[in-house]
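The structure under discussion appears below in the form of structure tokens.
For clarity, chains are labelled A, B, C and D in written order, and residue numbers in each chain start from 1.
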Amino acid sequence: MQLGIIGLGRMGGNIARRLMLNGHTTVVYDRNAAFVENLSQEGATGVADLPALVAALEAPRAVWVMLPAGAPTEDTITVLSGLLEPGDVIIDGGNTYYKDDIRRAHALLEKGLNYIDVGTSGGVWGLERGYCMMIGGDAEVVKRLDPLFDSLAPGMGNIPRTRDRKSDDDRAERGYIHAGPAGAGHFVKMIHNGIEYGMMQAFAEGFDILKTKSSESLPPEQRFDLNVADIAEVWRRGSVVSSWLLDLTADALASDPKLDGFSGEVADSGEGRWTIEAAIEQAVPVPVLSSSLFARFRSRQQSTYGDKMLSAMRFGFGGHVETPKK
Amino acid sequence: MQLGIIGLGRMGGNIARRLMLNGHTTVVYDRNAAFVENLSQEGATGVADLPALVAALEAPRAVWVMLPAGAPTEDTITVLSGLLEPGDVIIDGGNTYYKDDIRRAHALLEKGLNYIDVGTSGGVWGLERGYCMMIGGDAEVVKRLDPLFDSLAPGMGNIPRTRDRKSDDDRAERGYIHAGPAGAGHFVKMIHNGIEYGMMQAFAEGFDILKTKSSESLPPEQRFDLNVADIAEVWRRGSVVSSWLLDLTADALASDPKLDGFSGEVADSGEGRWTIEAAIEQAVPVPVLSSSLFARFRSRQQSTYGDKMLSAMRFGFGGHVETPKK
Amino acid sequence: MQLGIIGLGRMGGNIARRLMLNGHTTVVYDRNAAFVENLSQEGATGVADLPALVAALEAPRAVWVMLPAGAPTEDTITVLSGLLEPGDVIIDGGNTYYKDDIRRAHALLEKGLNYIDVGTSGGVWGLERGYCMMIGGDAEVVKRLDPLFDSLAPGMGNIPRTRDRKSDDDRAERGYIHAGPAGAGHFVKMIHNGIEYGMMQAFAEGFDILKTKSSESLPPEQRFDLNVADIAEVWRRGSVVSSWLLDLTADALASDPKLDGFSGEVADSGEGRWTIEAAIEQAVPVPVLSSSLFARFRSRQQSTYGDKMLSAMRFGFGGHVETPKK
Amino acid sequence: MQLGIIGLGRMGGNIARRLMLNGHTTVVYDRNAAFVENLSQEGATGVADLPALVAALEAPRAVWVMLPAGAPTEDTITVLSGLLEPGDVIIDGGNTYYKDDIRRAHALLEKGLNYIDVGTSGGVWGLERGYCMMIGGDAEVVKRLDPLFDSLAPGMGNIPRTRDRKSDDDRAERGYIHAGPAGAGHFVKMIHNGIEYGMMQAFAEGFDILKTKSSESLPPEQRFDLNVADIAEVWRRGSVVSSWLLDLTADALASDPKLDGFSGEVADSGEGRWTIEAAIEQAVPVPVLSSSLFARFRSRQQSTYGDKMLSAMRFGFGGHVETPKK
């Protein structure tokens, strides 16, 4: 099957590669010509701009946009929608806010264009492991694109089947689902990322306790000098917390158990934030997911105005002096 | 009435002063001779050691220990218990863990000594405003010491009476209560401090949002340049959050609205921690009180091992590079 | 001064009354004719619809809208904006989302109308205590309306002045501020409510520990039978947590220490939710404010799907059986 | 190798079985004679009391105690310590508090007895998958018992090796570690369980949002009717949150997507609580781990005293009426 791909960064480039490895043809574009050139040498049809991309595709066209959420994606889709023909489909594989999907799908439908949102998990490992995909949009269109999704997905691999699972639809077992109408794909991916934040923070807090158990601020008889690399390793084998995130943690600790290579300033992305907003809209208590987001906010500040205010109050009622940082 | 006082720091010294202002006599000791000398000049009987203190008091003696919780208090009480006579009473006015009170009360009772724990709130303002006291121990002994508590307490002042309040015991309205048996006084004070942590953190977070609303990291049209000193001031008048902590906040912001005089590293004391442990023992969910404690822990660290681990995982699955702090 | 008031519920009715007590005249409307009739008998000019209200006011008119946030306020302002003349001012005294204020102010300005947002704290007590007001909008217009704000505000009363406070503007000390341009008033009020949530939850958690300390699920020697009404009362006198919320708590506990009159299902309003969204937009960690909101969400559910999932996992890995509620 | 096993419940019985399958011999005791009888028929030497167990073992003896933490384990070890001879070793495989291990190890050492604490993860799946073990105690003794641990552990299986891992000690890769001196094994296991709580709660909150996204309390255009069983299934394939807990979740949702089989009342065990206490002792902020514990506390209550207090305050300042549950 033929697919146009816009955005050939870490994700988009590998999506093109994985599709070509599976016998599909791709027409690729990136504003960085070097990326286009590289993929052309690997068998893709490289083009120099969006009109050329549209011209190179056979109708009904399918174009996968793999760009940062927000303006880059929005602007590209706006331009594309002026070039494509009724019956064509735009696939947004990025991390778009699901309410933007809903809005866009409505607007594009008026032009006869189809819009599919694909939440894509797999990161830099996707080329090798395949991509876990959560797809929103019209069921018929999703069905038409099935050969692409099937190739991008991990497949069943050697992961055991779930006991008692009964379903006529085996797509989930092969690594992709049609989650619902436009926006549903990115909604499910958004929640996936929210959970990811929580799991990561659970490991972070647990290992923080393990690490500080050797702190010299504790009395000697209360200290343990624990081997965090070994602990991550052993938990990979038969423990309840075994997970891919733990595998990655074990990787990191094997070569740098003190994690000196990292600053401790942790970025966050839209999905973590939108998850909390969705929870609030639905009145769902999410103390763990929100705490995980807040820990990242806090990691990027040396001190907060709020903390200073605590000191100011303590000085006010108790005469406690907590002086400025030197 | 006559009272021995051990520990003449910020709290103990002013307790002696407030009692003398109200016609009581005090016998005072501190290992810092200068503190003893100062209070002697204000009318107290200064003594040079614990035996002298005990000798200077008439039986049945009452000795108020106002020292840091833990070893200083414990050791002093141990020595005192060897010097006092049956019927005497030791008052622990510090911030002792209530389980230590229970243990001590039992041990001292075997020697015929009484033990009273007094949770004392009021800080540096107590001399002027009076001390809010939560008292644990034998009811008869508490009654015997009533003249002291009555003088130390703030009294009704101009604080309006609570509607519908019906009680034969007006001590609470005058600023002190007999909370229950040994330990109950410090237990109630401990919870008081736990609540204090939560209220402080609520203000800290709220003002942090107000302050960062002027941040240049926001788009200009989303910014407000708010006057935090005026906001604290106006909330003192008729708003739902009016409180003594807000008064102190308004004090601090009036002279230093950026709070540059503070480092943002905030200490915590035993009571905040013990409150969480009590909640866990009783299976009470306390997300606010615990979050307040954790915010203080976090304020004292530049970065955490846990945060670095988040970055390590992010690098592992997504190739995100979060480099070391320079 | 003359003011039109739309919405004569708990807040709007008393605002009219407090203004009239201070020599102002009011023209009042409510879709409930009985409310209009009542206030007419107290001296207001009652009208039957919005055109009549506009007709009864002298230009430049000032109309205070005191309705539930969202559609009721929005629709009323839309109608009003078609009736008023350039130079007139609409005051939104409700709990509008501050971004709606910004939008509205821009739209109304195109018609030559002024828009003022007033965050109003004081609840059912405002008639007697006065209203604490946080005002957003054009400075000149706020100045023009000053006689109204001055009368509605509590004034300095017997609340002591803040030490070190230096300001040419004494409005904060009298209970109202001009916080900034349109939206700033409701923004500050929103944060006020966020803080209020946090303080309330701090008290709730602390008293929950005090209450459960007498629980029969604890071993007898660990129990204290604490008098929560006395504890609330004593903390009002000289303690660090003294506050209006504590006064209200003491009121409630004086007549119903077990709080049997309440279900434990707690509503939340927009402001608590918007506060968290503002914090997320500004990357401010707000664990206490968010926990307070989530506690209310949780209070309204008997069990959550999430909790059931925990049980399902526990059954999965450990064979733990947690059966359905009867 | 020969091992005595006391406690033949879910864990102890299967430990005996897995050892026998691997060629070891066991001498087994449980106060429930039926359990002893069952294992005897599977090849174990069943005994009727502790003296018989000790008599049936060759010196130096090794006795694995697999009982509930607290009194059952403590009492059994006390009796055992009176029966064993210098050089013998007691293994506590349960969920003992690590400070109890430290105390016990000291006490037993005075009698010449060795004490080994083994944190054992694997639950009902251990017989088949093997047990992940975290071991504390004297290195030589742990070495002597290695044949047992080697047989109980899962081994490398088909789990890929960690990149860059360099270690002379391959025990972690085979599923067990010598974590440190007495107590270190249970300490590491305790933190494991703390992390487990956090991960579980992250999934619970995320799926709660997914589930309530179909709630009729949302406007129709904001709803998605998501298939939670498919979502859990697809995330098992290539997503970042893939984990054993997710596998179990998929199991549960495959047969009961509404989770109607569960009440939503979730138990907690000592380890979750002790993890928070350890964090507090070490001043580590653990918002996620504590929130997870508190969610379980909350799940077991229909309403809290704290929630009622919130309603009482809301009534106090705003006249909001939140009536008793019917």
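Heads up, the rule we're going with is that a residue touches a chain if its C-beta (ideal position, glycine included) is under 8 Å from a C-beta of that chain, and two chains touch if they have at least 3 such contacts.
Note that this is a predicted model, so its numbers are computed, not measured.
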Minimum number of chain-to-chain touching steps separating subunit A from subunit C: 1
Chain located farthest away, centre of subunit B as origin (C-alpha): A
Rounded Å distance between subunit A and subunit D, as computed from the means of their C-alpha atoms: 31
Whole-Å gap separating subunit A and subunit B, where each centre is the average of the chain's CA atoms: 47
Sites on subunit D at which at least two other chains make contact: 123, 125, 201, 203, 205, 208, 212, 240, 244-245, 251, 283-287, 291, 294-295, 298, 304, 306, 317
Subunit B contact footprint on subunit A (complex, rising order): 10, 123-125, 200-201, 203-205, 207-208, 211-212, 244-245, 248-249, 251-253, 256, 259-267, 287, 291, 295-296, 298-299, 302-320, 322-325
Residues of subunit B defined as touching subunit C within the complex: 102, 121-123, 125-126, 129-134, 153-160, 162-167, 169, 171-177, 179-181, 183-184, 187-188, 191-199, 201-203, 205-206, 208-210, 212-213, 215, 217-218, 221-222, 224-227, 229-231, 233-247, 250-251, 254-255, 275, 278-279, 281-289, 291-292, 294-295
Subunit D residues touching subunit B - in the complex, by the definition given at the top: 240, 268, 273, 276-277, 280, 283-287, 290-291, 293-295, 297-298, 300, 304, 306, 317
